[in-house]
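Two complexes follow with chain A in common, the first pairing it with chain B and the second with chain C.
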Partner chain A sequence: MKITIERAALLKALNHVQSVVERRNTIPILSNVLMQAQDGGLSLTATDMDIAIVDKVEATVNEAGSTTAPAHTLYDIVKKLPDGAQVNLSTNGDQLELVAGRSQFTLQTLPQDDFPVMTGGDMPTGFALTSSEAKLLIDKTRFAISTEETRYYLNGIYMHVAEGSDTLRAVATDGHRLARVEFPAPDGAAGMPGVIIPRKAVQELRKLIDETDGDISVNLSDTKIKFEAGATVLTSKLIDGTFPDYERVIPQGNDKIMSLDTRSFAEAVDRVSTIATEKMRAVKMAMDSGVVTLSASSQDSGTAVEEISVDYANDRIEIGFNSRYLLDIAQQIESGSAQFIMADPSSPTIVQDAEDKSALYVLMPMRV
Partner chain B sequence: MFDEPEIADETNVALLSPRDSLSVKGHEANEQLLLDAWNSGKLHHAWLFTGPKGIGKASLGYQFARFILAGGGEGGGLFGDQPDSLKISAEHPVYRRMMSGGHSDFQILEKGMMNPDTKRVAENDIPVAIARKAIEFIRLTPAESDWRVILVDAADDLNRNAANALLKVLEEPPARAIFILISHAPGRLLPTIKSRCRKLTFKSIPDESVSELLVSQYPELGNEDAHALARLSEGSIGKAMELQDNGGLDLFRMVVSLLSHPQDLSLTKLHSLADTLSRKDAKENYIVFRNLIDWWFKRLLKILAGDHMPKPIFAEEYMAIEACKALMPLGKWLEAADLVNERLWQTEAPSNLDRRQVVIDAFLTLETLAQGR
Partner chain C sequence: MQDIINSPNCLCRDCSHIWYMPEPPKAARCPDCNSPRLKYHPELSILSTAHIDCDSFYATVEKRDDPSLMDKPVIVGGGQRGVVSAACYVARMYGVRSAMPMFKAKQLCPDLVVIRPNMTKYSKVGKEIRKMMHDITPMVEPISIDEAFLDLSGTEKLHKAYPAQTLSKFIKRIENEVGVTASVGLSHNKFLAKIASDLEKPKGFAVIGKEETMDFLGDKPVTMIWGVGKALAKTLHHDGIEKIYQLRTYEKFDLMGRYGSMGKRLYHFCRGEDDRSVSVGSETKSISNETTFNTDISDYQTLENTLWKLCDNVSQRMKKQNLAARTVVLKLKTKDFKQITRNRTLIDPTMLAEQLFRVGKQLLKNETDGRAFRLLGIGGAELVEGDLADPIDLADPDGQKRAKIENTMDLLRDKLGNDAIIKGRSLK
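After this line comes the complex of A and B, so read on.
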């Protein structure tokens, strides 16, 4: 392999891929980045064996070839090179030589054959998402992803096409709250297997979306998913489990509707929850016509009460919620008005953006 | 392009570490059993390989793992026959990536791995944080093949919490996930773990096979020494290699020569043994030496208790046994063996005594006892 490449381009690509490489690795090959040079470009691959990121950059390829070299060392070197430098990379035996101006480095390499192969395989389903759709899928749901190891099938976002309605859905839940976002399914998504995308892949994908304006192309099978944004490709394993039948927990018969101003509600919840005990974080909402009273009390610190005006014309009910969950959801609602759809103090409540029904949140009440 | 790395030919690789070894000797029946299980299409999800240390359990475990991850080895032939061997060649991509630790559908659990919680290497056991990582791995879909394999080498090293964590996935395993547990002391495993596994017993390999393997691995080794090492390791090629790597045979010769006259020790020989063992880089050698002493006293005690005389390692050993037998009765030797062992352990915490002094002290203690003083 013998190539010349712009320092800035190499740095950007290395920056993309090195984030999945763990700093302290006992397996040498996993500390390395795979470099493959051919047809006027260099492709860089890094993996932690759960996800793999490939980034392609333009380069002058004098001699095609491939090798693997320590990712962090390479990144640190390129970072310290002066801006605008031309970097020459060439392999010599089991070493990689890097020359830029008067700087010269030699790095130990490992053969390409030792490097994990995560990117291959058939992925029969393929469709494209706009970057705003992809953002929506993640941002509206990821706060609800469970961290509980025993229910591993909740440790990710469940993406699937809803039966009957032709919509693409993302769902996350931790058993106390649930977030569901949907929009018309893009071409090619119909018939896709439902997949659970692990949290780590969600995080990396989110970073990727921030850096692109164009479409994200998605390819998947029932064991792998691949996101392609610009020159970067992210491949991830999936969670091997069955997502619970979440439709069952979305109440259908709730009839008590309350509309309120999202921002003043969030602020009030935040203030009142100062008193709520660290462990319970419970805030009680007492709905009466035109007004909701938020209150919290704790034996140690005292009590807090705040009233806000709402649009509500139904029987008086009192429901307790976890204040952190209320705040999480309030943050997701972008328009000024949020809607609570309730039944009684012991049944789940639906929260939605009054103006945008694409996202739906379900909250389990707390006994207070 | 980089140079192709050297791929050793089969005879050379045959005896490297279990991770790298291409073929296993002496366990053909077990190999066939695994092959039949695969070919039946109803492969059990958890396997427990039991037997003495160093006889090829982990090697066969790795071989089986590679076979599974390669989707049934290299196939049976043109007409879709079933595979007839677990072996895959050194050029197979699965072999290369398993060797480098870069196969994304394989997870090893062993001592000496990085503990993700403490960011330290867990030298002495397999802590629960590492077991959890393996469980996370098995909860994800495979990326390269249709299967996922976890190899636990050895299950005896799992600490209690790690064992319990692993038990949970053994009880409700995901489809197409295979667990291979290696155990040198299955009696100490949780019964609940054992009951989930299909057990495969491994017997020691015949002395002839051990010495053959030794000669192929250490061409400089003479036939006679190879036979002696084979007998000394009692059918465990792993133990034989450990002995060979740490000068075990020479150490044993020195010990035997000293014990031919326990009541009248040659001080020159004793000091030369102590010198050898007190070198800076002789920590491993010392452990091998201590295990040898322990093993030999047990051997002697069994003979004194009426066991038939085993085949001696070499002629000098026979003389040592006879000399010791004539010197003291069983009761006395029991006491002596205890004392010597106790002394030899004083190199460890909390005493942390110097190896040289400890060795000399141990043998002089034995001499005093032998003289009946």
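After this line comes the complex of A and C, so read on.
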């Protein structure tokens, strides 16, 4: 293999793929990036056996061929090269030589035949998402993904087409809060199996979306999913599990509705929660007609109280919430007005954007 | 420190009379009641931290209730293969010890009378004794059903007696009113009081004064230090440390570097220093239940059936005390006595048997790989107030239903007794 490539193009591609590579690997080849040069392009592949990212960049290929080299080292080198540099990559036995200007590096390689190839297999469902749809899908839900290892089926975003409606939905929950977002299902999504996309794939995909304006094409089977954004292809295994029947935990009969200004609410929660300890993040919300009193107290640091005006005309109730969860949700509500739909201090509360009902959040109160 | 010159230093164990003797008594008797059971110690009048430990408690209670057993070797323990929970002092003469496997006890003493434990009875007796402790001081820190630390400082005026006298009266009282005997350890801190109570068992009254502390501990084995178990003893042995005095050659810094937080404890304990106060209302730290099988079991399903019964028991006790566990602990012992414990922290604390069982099952599944186990146990740790238990779990839509079923079962059991309703799997 012998190629010449623009430093910026190589850096961008390496940036895409290297983040999949774990810092510590028991299988040495997984620390490497697979480089395949042919037909005027270089293709870079990295995998952790659960996710594979392939990126193609233009390059002058003097001699086609392929090899694997340590991903992070290569990335670090290219990052430090001067802007605008031309990078020459060539294999020499079991070594990779990298020359740029007056810098010269020799890297150990591993045989490309040992590199695990992740095959997509047959993917019967295919549709396209606009980058803003894909962003919506992830941003509105990913904060609620659980990190609990035992309930591995919660460690991702559940994407499916809602029964009886023609909407594509993404749901995530950790048991304490649940986030659901939906929009009209794109062509081709109907009949897709419900899939749980693992957290890491979600994170990698989110990075790719930021760099793409065009559509993201999605292909999936019930074990794998493939996202294509521009020249980058991300393939991921899906979580093999059953996502809970979340519809049943979304309360239907909550009747105490409170509307408030999102921004001032978030700021007040943030201020009041300064008092709350790392262990007890509870903020108490006391709803009374026209006003909510936020308060927090901790044995170590003291107490905090703040009032904000709200639109509420029901019985006085007090509900405690985890302040971090409140802030997470407030951050996702883009319009000025948020709505709390409550029942009592021990039942789930619904939070929604008053002007945009596409996303719905369910929040379990805390005992305070 | 109070002036101990000419202070009372001799106590009659029978009538609790206390007086001053210029030198240790030789074949003396109590001037009041003529009893020869005297306790002489120069610091007798100034020590006030005590550890009280009933003598082979379960066995003593059984003997009390069946006087025909009085001179027989009696042990309390479970089943063919369980372990000895308590061995009376007759049985101990044969070398039988508590925590010894049952078969070994029988080998040592073929005439052994084995009594199945009756925990309800012991706990009732334990509570009676606890109540009497509270009669002499509010500063009672229970360690288990039959032992506790007592801080008697400041009770002199109330009882018009020195702590040593109050203790001696207390021991008499439980002997007379409850019918069990206990040993007292009296010293200047908890660590030493606990050691002392073990020195003269049964019916002991041992005193470790400040003056003698260093000498007393010096040549004792490190295993006497609270917290030094088999594993740490082995490490210490490996490092050439067998006796407590050897620990004193090390700086605190060194010990902490070698043995972590335990090192700090070693540093102070080897000098007889212990600044822990007797803490009242010491909370329950964990609630657990375990069983030793008659034959070793490797089959998952059989283990699971037992697990359910254990979970049910643990959950009932948690509910009774209104406590909930943040962590579930599974304990297994392999047939070659290797102990395995596995923890899992829950997203929300629980007091439900179903929840304990679900988590316990997962932990158990990971361990059942063909190995045979002799013991299985489950427990709840990191206990919190019961009010925080089992909130709605958004990721478990059936959780509320299961909780309701369990609560209904509990109500029925409360009314009609424990066997009124049970889950089918209890019958397996």
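We adopt the following convention: the second predicted complex is superposed on the first by the 335 of 368 C-alpha atoms of A that agree within 3 Å, B and C clash if a C-alpha of one lies under 4 Å from a C-alpha of the other, contacts with A are read in each partner's own complex, and residues count from 1 in each chain.
Everything that follows uses one rule, which is that a contact is a pair of C-beta atoms (placed from the backbone, for glycine too) under 8 Å apart; a residue touches a chain by one contact, two chains touch by 3 or more.
What you are looking at is a predicted structure, and each value in this text was computed from that prediction instead of being measured.
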| item | value |
| --- | --- |
| Clash or fit (per the criteria above) of chain B with chain C on chain A | clash |
| Touched partner set for A:H16, first chain B, second chain C, both or neither | neither |
| Partner chain in contact with A:L178 - chain B first, chain C second, else both or neither | second |
| Touched partner set for A:S146, first chain B, second chain C, both or neither | second |
| First, second, both or neither for A:H160, with chain B first and chain C second | neither |
| Of chain B and chain C, the chain that contacts the larger number of chain A residues | B |
| Touched partner set for A:K284, first chain B, second chain C, both or neither | neither |
| Where chain A meets both chain C and chain B, residue numbers | none |
| Complex contact set, residues of chain A against chain C | 146, 148, 150-151, 154, 173-178, 244-246, 248-249, 346-348, 362, 364-365, 367 |
| Chain B residues touching chain A - in the complex, by the definition given at the top | 1-5, 93, 96-97, 99-104, 113-114, 119, 121, 132, 135-144, 174-175 |
| Residues of chain C touching chain A in the complex | 344, 347-348, 359, 362, 387-388, 391-397 |
| Parts of chain A lying in touch with chain B, wherever the complex brings them together | 1, 24-30, 47, 49-50, 63, 65-67, 91, 93-94, 109-111, 113-118, 120-121, 149, 152, 155, 198, 222-224, 235, 237-241 |
